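The structure appears right after this line, and notes come after that.
The first chain written gets the first letter, and so on, giving A, B, C and D; residue counts start at 1 in each chain.
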Amino acid sequence: METSQKQAFKAISLATEKAALMGVDANIAILDTTGYLKAFSRMDNAFLGSIDIALGKAKTAMLFRMNSEAVGQFLAPEAAAYGMVNTSGGLVGFKGGMPVRSAGEIVAYIGVSGGSPDQDFEIARAGSQL
Amino acid sequence: METSQKQAFKAISLATEKAALMGVDANIAILDTTGYLKAFSRMDNAFLGSIDIALGKAKTAMLFRMNSEAVGQFLAPEAAAYGMVNTSGGLVGFKGGMPVRSAGEIVAYIGVSGGSPDQDFEIARAGSQL
Amino acid sequence: METSQKQAFKAISLATEKAALMGVDANIAILDTTGYLKAFSRMDNAFLGSIDIALGKAKTAMLFRMNSEAVGQFLAPEAAAYGMVNTSGGLVGFKGGMPVRSAGEIVAYIGVSGGSPDQDFEIARAGSQL
Amino acid sequence: METSQKQAFKAISLATEKAALMGVDANIAILDTTGYLKAFSRMDNAFLGSIDIALGKAKTAMLFRMNSEAVGQFLAPEAAAYGMVNTSGGLVGFKGGMPVRSAGEIVAYIGVSGGSPDQDFEIARAGSQL
């Protein structure tokens, strides 16, 4: 399903609102269902290093159609999937990336970085139901 | 000068409005004054190949603090600046990238791709004065 | 629209048949409508250098939803789109890449390399109508 | 020994049949004995992130002429082969990559990704004896 610009900006708006409430300066990336950049927003004062993390979390969620931290289970040393972390240009397997749904269907992927993984998760979740 | 999220989204909004009026499906990238992604929007139906071109035009404008087509003058074969096109990860030297100014000062860079170079220029210009 | 495995192999089969008739050892790549590899076949004795050309032609056609040689018009020196050839990881703008249609709709992209550009075009065309 | 197209497609066909029986949507890559892509098939609904993993497993098996998980023994943290995982553009050292043999001789390498490592192994094994 093609992600619409309207959906992408609604997701960014919901996530930004949540981040502001939580006092977190976040990078928020919206990719379409095949991983192409649809919309992006960096809140003022957000870490520059978090730009790529936000993009990577959303990409990782898209590549396996699950939350980024669920992909992370396969990347843990004890999972022994040596080298998987480097595939597809590099995976990012911790909290903050997930599918965006509308009426139950995946319409996009969101990736958030700027706070702690738990904070990023909460912010992403706020933008994941349209 | 740090680009604010407010400025970035105002630039995207102005450029999007112009693109819609012109009937062009554009990718619009806003980079801060040191080239980091601040905001991005892909209009529905815009070419996927134009995502990277929009980013490249804005980056090229930022790297030399001038319009992307002005940098292009140095990239033309007759300019004999061999290899310059490949520097900084790749320059994109045609119309659609330029500084964004507020009160005369550069506050960001905008890159647009989706229509003809002349159309992209008009759309970028619409977002270049805040 | 998602490309089916059945469609991808039908396209490869049609193109391979044509290549064999023409006496060309071709590489044939099928990408889905957003550029992910769906199927690939290298005929015996085909040039190793043509693997990446076939993939690049299909990707280039996909990125701009047109034949690879149509994108090539923008890459010609006189078009002055300096640096465009390097965007999206590198474009390949000559004959051999095009959309694959079924019932008029684009369902995939095909890229062929191994013969002359005109031969590659004929082979790709043979696989472009399902 | 050069991999023939006929061998490559037989391997893909055998592996696909096994994957279908197991209910796994797999990416299946066949590389020749020097690592060049010979044939590829992505089953419908297979993870996009598994494309690169399938290619990586086959490449890893080829580079050391052994199963990908055997290479993985050298990549485990306790093996202390620091940085080896990043060599040759990135190794992928878990189950799913192995040599393809015909009459006892290695004629190609197969890489499979889409299910669990154990499932990928079974699918690859089905395609590894021609």
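In this section, a residue touches a chain if its C-beta (ideal position, glycine included) is under 8 Å from a C-beta of that chain, and two chains touch if they have at least 3 such contacts.
Please read these numbers as outputs of a predicted model, since none were measured by experiment.
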{"item": "Contact-richer chain pair (by C-beta pairs counted) among A-C and A-D", "value": "A-D"}
{"item": "Centroid distance [mean C-alpha coordinates] between chain D and chain C, Å", "value": "25"}
{"item": "For chain A paired with chain C, centre-to-centre distance based on mean C-alpha positions, whole Å", "value": "32"}
{"item": "Whole-Å gap separating chain A and chain D, where each centre is the average of the chain's CA atoms", "value": "30"}
{"item": "Chain A: positions in contact with at least two other chains", "value": "34-36"}
{"item": "Chain contact graph, described as a line, ring, star, complete graph or other shape", "value": "other"}
{"item": "In the complex with chain C, residue positions of chain A that touch it", "value": "32, 34-36"}
{"item": "Chain A to chain D touching residues, read off their complex", "value": "34-35, 60, 62-65, 71, 77, 80-84, 86-89, 91"}
{"item": "Chain C residues within the chain D interface of the complex", "value": "2, 4-5, 8-9, 36-44, 48, 51"}
{"item": "Chain D residues within the chain A interface of the complex", "value": "47-49, 51-53, 56, 60, 72, 75-77, 85-86, 90-94, 117"}
